[in-house]
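You will see two complexes here that share chain A, one where it goes with chain B and one where it goes with chain C.
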Partner chain A sequence: MTSDRLRLLLPVLSLAVLLGAVFYLQPRAMSYFGLNLLFNLAIPVALATIAQMMIIMVNDIDLSVGTFVSFCACVTATFVHDTPLLGYAILAGAILAYAALGALIQLRGLPAIVVTLGMSFVWGGLAVLILPSPGGASPEWLRTLMTLKTPLVPIAVIAPLVIAFAVHLLIRRSWIGVILQGVGGNERAMERAGWSVVRLRATSYGLAGLFGVLAGMCLVGLTTAADANIALRYTLLSIAGVILGGGEFVGGRISPFGAVIGALTLTLAASFLSFLRLSPDWQIGAQGAILILVLAVRLLFVRKEATA
Partner chain B sequence: MNDTRPNPIRAVLQKPWLWAYLAAGLTFAATSLIAGSGAGSLFYAALTFASFSAIVGIGQMLVITLGPGNIDLSIPATMTLAATLALKFMDTQTALILPGLLVAIGVGIGCGVVNFLLILLLRIPPIIATLSASFLYQSLAIWSNRGLRIKPPEPLADFATGGALGIPNVAVVGIALAICAWLLLERAIAGRWISAIGQNLRAARLSGVPVNAVRFGIYVNSAICAALTGFLLASFSGGANLNMGTEYMLMSIAVVVIGGSSIGGGNSNVPGIWGAALFMFLIVSMLNSYGLGAGIRLILTGLVIVGVVTLASRKGYDA
Partner chain C sequence: MSFGPVHALRAASLTISAGECIGLVGHNGAGKSTLANVINGRLTQTQGAVRYRDGVGELRNSQNAQNAGVRSVFQELSLCPNLTVLENLRIPYRTMPRKGWRRAARQKMIDALDLVFPGHGIRPGATVGNLTIAERQMVEIAIAFADRDREPSLVILDEPTSSLDAAIARQLLDHIKRFCAAGGAVLFISHMMGEIFEVSTRIIIMKDGRIVDDQHASAFTRSSIVDAMGHVAPDDDSADTDQTARTLGAEVVRSPNGLNARAGEIVGLAGLAGHGQAEALAQLYFDHAPKWKSTSEPDVVFVAGDRARDGVMPLWSILQNLSLTTLPEFSRKVMVDRGREAGLVQSWQDRIGIRTDNLLNPILSLSGGNQQKVLFARALASSAPIVVMDDPMRGVDVGTKKEVYQMIRDEAATGRSFLWYSTETDEILECDRVFVFRAGHIAAELTGDEITEENILHASFEMQEAAH
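Up next is the complex of A and B:
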């Protein structure tokens, strides 16, 4: 447990340092309105990161998160807005498709990287078919939900924490979560213990699909429109977020709170750069640099953990 | 099972690269039947575009051969950065072509060294190391490019688009590199080292394979391949632009897997790279010639990749 706490400490610290730097550069950001702007897109990024975490939990990597979220955003901005029943049916079908992919990957022993890379074309193609040019509209209730004026702290900060807590309960405190982490830890042992790994992998992929759908819906609620390329960056952001948050690629070692905080850190990194008045050319590079920096610091932590 | 005599037909049938060429042949036939614009020009175009995928594919294949978790996600960014800097350096002057090529290769070496240092010193998984480094390369490319489109020098553009005896020049480069890679893997001690590391890192280290030196060479090689492809592609298409490398992220991995190399590492397959590269181009041009829209084309391309991987996987899994 202490080791887990230590793991969480680093993402929390990096977020705090970054936030402190932003406040130092621009004290006016330290307000309700400022925070809302800073973390504007944090909710969908956090949800997409959780989706990625579900996949990394079972030792796979999902390279289609970005196009899948874009696809869900396109469905939300068109079908869910115009014909809700059909829209929700499509989104439910997408979750089932994700679960089926998980089953297929397990049944045939496929490399998840390649399968999801191929699927990223499929989702991208579907998104282009639905919305060839940017457009659509957000369902009314979604718009209201995303622009909700919560007291004291803006929803852009509250919602990711609530999401992290809910996922924490699901993954770290429920039996199904423990078993799913077990698949990442030792797949063969789970199989010997009588669990169907096919079903378990399908479950974790299905969960990833669910959070991907939620990310797409929230994104439309925020931007009020969608296009086929709206969330392509999310693939890389989500992987980086999970790792930044203390997750490991193998062994089912993941942390929902860490992942969400990692996502917040990366969202903030972009704003930080604009406060530094650096040219936007360097924004992507800065995200890379922050990622490298945090991983370097983590190395020191891990060393300490090993010697302690 | 009891028949121990070597059976040449079966030996050929068991070559994992056979399927890539078979699929490429089928799509070629299907496309030239529909297109009607002459099989010759289709073949020429296929060779041209396949060589770009093949060169990055060779680099990626060697990386993947190193074993699970080894993958180079910085290929698109390296391509863009090398092409941008080299074209900017040459500034359409013919005299600077050779130094320009050296600049591109130098950028490749630089990116490869950075990638490997991150992996070695920070002990981070190659996926994350190459990914975060690629953010840096991308920013560098954006910064130096500034939205300008610098043309390649005239003779270089002629070389990249030209060909002799019905074979495009870039394909000659791609085939030569494939032969080098094949010789390295099948005939040189370094090739044995690469496969040994992929099959069992610990065993390889204990038996005296210079593991880190080999890994260093492989990551640098992959970045050089990417830089060279960027250089050629920019010369071919009349200039470098910022998203020129995007599709090669998928392409480099897809040609490795479809070509019959094991994604789990330890087993690589050079001829398959070219078969898969041809197939990947031909499938897109086939869907194009059937007059399908961009959306349908993307969906079918994706389904083909998933389908091929599903069909090809079985033996790797059982073994």
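Up next is the complex of A and C:
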């Protein structure tokens, strides 16, 4: 078994174990409708995790994913719904801003963690300006798409798989993905080979922006309204999802399938705790405990791999 | 070529024509790597000019160099460890056709590896991070010789054999000869005299940023090269000093796999590269080093061979790097005694000859060999009775090596034990006792007169011959 497969095994296993536990506690979840309910909020989390993965791929970290997704959700629920042209232009501008941030971080040698932390306040502020109180409405097509009744398997299961597969093709199979991963693997080698690291970093940040926008739009499609604080916890969820899915903070080691499965696992962990009738006061802590447990098991895996 | 006030390269004019293999020698900091970097366009010269075969004036040197087919392999590996071998070929091959690139890259990678290292056993789909350091070096060399959009015309190899074992190095040298016979040119930088003489048609000697000698290889002998490099230590055998009988003390360390050392003994770990020597040393070190608490009287200190990975603190000054291990010994309670620290470092600079005018300069301002000297001093300055060395002389020049050998012998005479993994036979011959490793186990233990190159090679290869 190649080490990549081994890395993917753990997130798959932890998802299976959690799913089994949920089905045991609540057998009625084992249905088309039940699965849809369990997983539909995982779609935006999965997209946000992919966005975070694009940043971690180039050895950076993005602390603004949560507020950025909230901002995009607010834009979708207001501008895209009311004046579509302006709305899409704002979202496109947000993607460009992300790409520009990547270029800036590379050009000035700034630490991404500081820049994105600062940007998180900018996005958060803009979101509050656009939508001071919860409200807005989802564009009709988005609502239809997110509530699509697909045959046999619910969309909440299909969509994450489609996302993972598409990103896998883009990042793991295409040449551009290889080059982008190279930035995380050995930046100096890329420079020596004559690639513009500024452009490459801007590209990966731009991709992160794109997936952040998609996450925001999906979220509005599901909830039919937005709020400036709707996705704040996505920042930590997305980082945890990438790492849970077999990624590493440095070295450009990432896995799109792993990241999506990681996101599904984290969403499921929340449902699992609800099914346990755990008091909401304890849920965040319990979620953290699950995360630590899985990561500890992963450490054992990695150690074994290193000695093998 | 200048870096700020430092002239790394002063008078260096050089013409390389097709079919030539040029051996470039010089001690550490002589400007070899700088010269190579100017030729491949990575550095732009502050004065003078570089002209390529079909160079046009408008482009930058690096582009001209690329267009002319100049390729380089450097001491520090420049692969992406998170990517596969074939994906790593894609990185320097920027104009690769986009359709079906994976299949093309796989084929080109297989061709290149087969060409240079027949029987290499490296899968093009393997992730580079999972390869041994020798395999990575092989991949990197193969990529340099690979057929890309342009044929390679000049390949610059900077210490290419430093992490390869003898058999693989042999394949590389053979390939260099074939490559030059077919009209390619090679600039071969090495500290291994044997290799230089074997492949070079012309030898260039550098000293203090100048080319001091440039003649046909047959005009040199080993000792004339060492003389020209300007080192006092001649290349004659120092066997007499080696044989001065030291009284060995009691056994001070023994590891489960049978590795052991007595007080005052220099124990060598030999065998083909990557056969478990480094792991055995690391294991021994971690078994004896305290896990939680640093102590003012450590049992064992470690000299790293892979400087960037487990030696140098890149952001720290030379002084801080040198005093790192000894801080607990030289400190009062929790505070560092700055005065004693500076005194210690100053005395070691004098003893080991670190080339710098200011010890507060960042460690990375030193050349590789001088960085290694700092790491040596860091370990030797400690009071630890056991010194573990993981191929510490990688890329260190002959003169420095001689100085360090002498220092090791002196230290051993005072009762210190050394465990020394080395890929170079000369170094192994300095040892009192040698363990030859094969496939992670000790294949032979040689003492005294048994320590010869033949015996070591025999022990390293026995199994492989039997398997055929």
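What we mean here is this: the second predicted complex is superposed on the first by the 307 of 308 C-alpha atoms of A that agree within 3 Å, B and C clash if a C-alpha of one lies under 4 Å from a C-alpha of the other, contacts with A are read in each partner's own complex, and residues count from 1 in each chain.
By definition in this document, a residue touches a chain if its C-beta (ideal position, glycine included) is under 8 Å from a C-beta of that chain, and two chains touch if they have at least 3 such contacts.
Quick caveat, the model's predicted, so the values are computed rather than measured.
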item	value
Contacts of A:Pro27 with chain B and chain C, given as first, second, both or neither	neither
First, second, both or neither for A:Arg253, with chain B first and chain C second	second
Partner chain(s) touched by A:Gly93 [first = chain B, second = chain C, both, neither]	neither
Partner chain in contact with A:Gly135 - chain B first, chain C second, else both or neither	neither
Partner chain(s) touched by A:Ile179 [first = chain B, second = chain C, both, neither]	second
Between chain B and chain C, more extensive residue contact with chain A	B
Touching partner for A:Arg192 - first (chain B), second (chain C), both, neither	second
Contacts on chain A seen with chain B and repeated with chain C across the two complexes	none
Complex contacts: residues of chain C adjacent to chain A	42, 62-63, 66, 78-83, 87, 90-92, 94, 96, 98, 101-102, 127, 129-130
Of chain B, residues touching chain A in the complex	69, 71, 118, 122-125, 127-128, 131-136, 138-140, 142-143, 250, 253-254, 257, 263-264, 293-306, 309-310, 313-314, 316-317
Chain A residues within the chain B interface of the complex	61, 104, 108-111, 113-115, 117-129, 132, 236, 239-240, 243, 249-250, 279, 281-289, 291-292, 295-296, 299
Chain A to chain C touching residues, read off their complex	2-4, 173, 175, 178-179, 181-182, 184-186, 188-190, 192-195, 251-253
